[in-house]
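A, B, C, D, E and F are the chain letters, set down in written order, and residue numbers restart from 1 in every chain.
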Amino acid sequence: MVGALIMKFVIQIDASPHEAQAANTAYQFIKAALANGHHILLVFFYYDGVCNAQVSSFAGKDDLSGRWSALAREHGLDLVLCVSAAQRRGLVSAEGKDQGLLAPGFRIGGLGQWVDACLKADRILTFTS
Amino acid sequence: MNHSKCFVFVVRQPPFRGDRTVELVDQLLAVAAFDHPVDVLFLDDGVWQLQAAHVLEGAGLRPLAPLLRTLEFYDVREVAAEHESLAERALSPDGLVLPVRLLARSEVPAWIAGHDVAVGCG
Amino acid sequence: MSVLHLVNASPFESAALSRCLARAGEGDAVLLLENGVYGALTGCRFSREVAEAAAWLDIRVLAPDLRARGLCASSLLQTLGQVDYDGFVELAVRHELSLTWT
Amino acid sequence: MSVLHLVNASPFESAALSRCLARAGEGDAVLLLENGVYGALTGCRFSREVAEAAAWLDIRVLAPDLRARGLCASSLLQTLGQVDYDGFVELAVRHELSLTWT
Amino acid sequence: MVGALIMKFVIQIDASPHEAQAANTAYQFIKAALANGHHILLVFFYYDGVCNAQVSSFAGKDDLSGRWSALAREHGLDLVLCVSAAQRRGLVSAEGKDQGLLAPGFRIGGLGQWVDACLKADRILTFTS
Amino acid sequence: MNHSKCFVFVVRQPPFRGDRTVELVDQLLAVAAFDHPVDVLFLDDGVWQLQAAHVLEGAGLRPLAPLLRTLEFYDVREVAAEHESLAERALSPDGLVLPVRLLARSEVPAWIAGHDVAVGCG
């Protein structure tokens, strides 16, 4: 019955990594969930959470966007920025195009993808501040 | 597996925190647009969102009442507010920008637990 | 030197207003603005503390932020003066320093 | 359905912890994390409320956030269990819903 | 003696316009200060305040960056983004260059300019959240 | 007109709110680098910044103690903390990451008013 405890998660991140600990907490939670064999269907960045995708010009381990990219590469995570939140903050053009600002592994999506993933998921968690 | 789920959004924050209310309503309406039952609960300072404001010129703020009234027109199932949160703020349920179902504080845990997905509450 | 204290957090959820009043000096002023304007309400948990402080401290409320929130005069502590942005500027001119409590 | 409540604001300045405890149901759990871990302190204004709630409610503290803040066991309410991120994941598995109080 | 009441202000803005009212309050304060004949030596954007310079892809009056640009044009305001805060958030390159993301009227500067302006100013106000 | 001014930074927020503490210290040190007297006052939850933490691995958080200790090495004039803020949190002045001048709450208003520029306090 151990198999029944493997769960599918959707994670929503609402906070900029520069102003709150919430995005870092989400990162640690996801690492632990993956290590315990769970599936992360979607990491959805909303509100100021879209700032997680913006590559800092300060290189180094403090840059969370780089850690997100590495985690996505290793585990095939789907990191989705909400298009309207990203447009509002000027990270994505009016046409919905990435303006070359996003770290590798992030893609642009819509609220519909979030709703869809929530239907398939066992657990939905929001990290906010 | 892809059955319908019932969502609840819990709003605890006061108005005019940048675009947060607009983005909250966007997310809520996205759920409704996909034909899933969605409820919203206003708690604590969140109930201030329901207070009508008539003068916004000069303040550079976006009026929230028309935005929140869209909850009625789209298929949002229930707009609820906690009785005690309103009472502590001397707000009458009659003066709000849209009609709400009143929940007593003691009813809130079970009401929230009646949903499949909870979002919020900030 | 005197201080203009800006309080912009709701006193229902944040201790900022109370913390500010505990550190304000006699010649200082306090301006309640943004969600801090809820601190001007009468009949709430914090109203007595505000009214008592207003007896020795110049406490004002930013009127455009009251109006944006639909708060009317009858629900407010009558002893607090209201200012608009011109009055906010005047307060900043009158006090050499400024601190924000959030 | 039961709820995992996440409390991430310091109880010294925010009412979030108290608001959460007032709305938690019997089968729910509360996890204190980030600056919410200060809610696990003993001998503070809010400690009695937390200890009383812990008698009927599963309240945990995220240990890495305690350690990051230099809080040691002797200053904490002994009735609250500590979890690491694996334990956080377990709590999320055990409870169908989650809400954040900030 | 009316002339003595004309003052030189430095304004610091610490909050994103998307998450708090503070930037909007600062904008209204500056408009009122100018209308009353005061001088604004510097508007300094620090912390997440640097996001005020990023042009939203949602056109329209809700975009505060456009209102800042117009105010700067009309009154010759000096709108300065702190270079290190802007680099940390990926708005400015590691070399300190504008990456084409900033609204007209904003320029990149350092903390030294803020210190210098504070010395020349009569009043220093911070708008934060 | 371009005489030296005396600055005070008031810190009321707890640690680990993203990069805020780093950016605060940057600004403070910029003042010191230009040879102006600068003091810093830790109030309310700000005093938690002064609590040493030894274990940060895995948390993805930057240690604050070395950062705050730079205040001693640069020309920051005075690092002060309010006695009551420490006492309410059962923090001893001896266990902090750097030595502080203790101010009683009643001394705080006059102490702040002794400066030319106040920054903060969030």
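Definition applied: a contact is a pair of C-beta atoms (placed from the backbone, for glycine too) under 8 Å apart; a residue touches a chain by one contact, two chains touch by 3 or more.
Bear in mind the structure is a predicted one, so any value in this text is a computation, not a measurement.
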{"item": "Intersection of contact partners for chain C and chain F", "value": "D, E"}
{"item": "Most remote chain, CA-based centroid, reference being chain A", "value": "C"}
{"item": "Identity of the chain that, by mean CA position, is farthest from chain E", "value": "D"}
{"item": "Whole-Å gap separating chain C and chain D, where each centre is the average of the chain's CA atoms", "value": "33"}
{"item": "Gap in Å, rounded to a whole number, between the CA centres of chain F and chain D", "value": "28"}
{"item": "Centre-of-Cα separation between chain F and chain B, whole angstrom", "value": "39"}
{"item": "Chain D residues counted as touching two or more neighbouring chains", "value": "12-13, 15, 19, 34-35, 64, 85, 96, 98-100, 102"}
{"item": "Multi-chain contact sites of chain F, meaning residues that touch two or more partners", "value": "12, 16-17, 19-20, 44, 58-59, 61, 117-118, 120, 122"}
{"item": "Shared interface positions of chain E, touching two or more other chains", "value": "16, 18-21, 28, 47, 88, 124, 126, 128-129"}
{"item": "Which chain pairs touch, all of them", "value": "A-B, A-D, A-E, A-F, B-C, B-D, B-E, C-D, C-E, C-F, D-F, E-F"}
{"item": "Chain C - residues contacting chain E, complex", "value": "8, 33-35, 64, 84-86, 88-89, 92-93, 96, 98, 100, 102"}
{"item": "Residues of chain F defined as touching chain A within the complex", "value": "16-20, 58-62"}
{"item": "Chain C-facing residues of chain E, complex", "value": "5, 7, 9, 20-22, 25, 28-29, 31-33, 35-36, 38, 123-129"}
{"item": "Contacting residues of chain F [partner chain E, same complex]", "value": "1-5, 7, 19-20, 23, 26-27, 30-31, 33-34, 36, 117-120, 122"}
{"item": "Chain B partner contacts - residues on chain D that touch it in the complex", "value": "1-3, 15, 19, 22-26, 28, 96-102"}
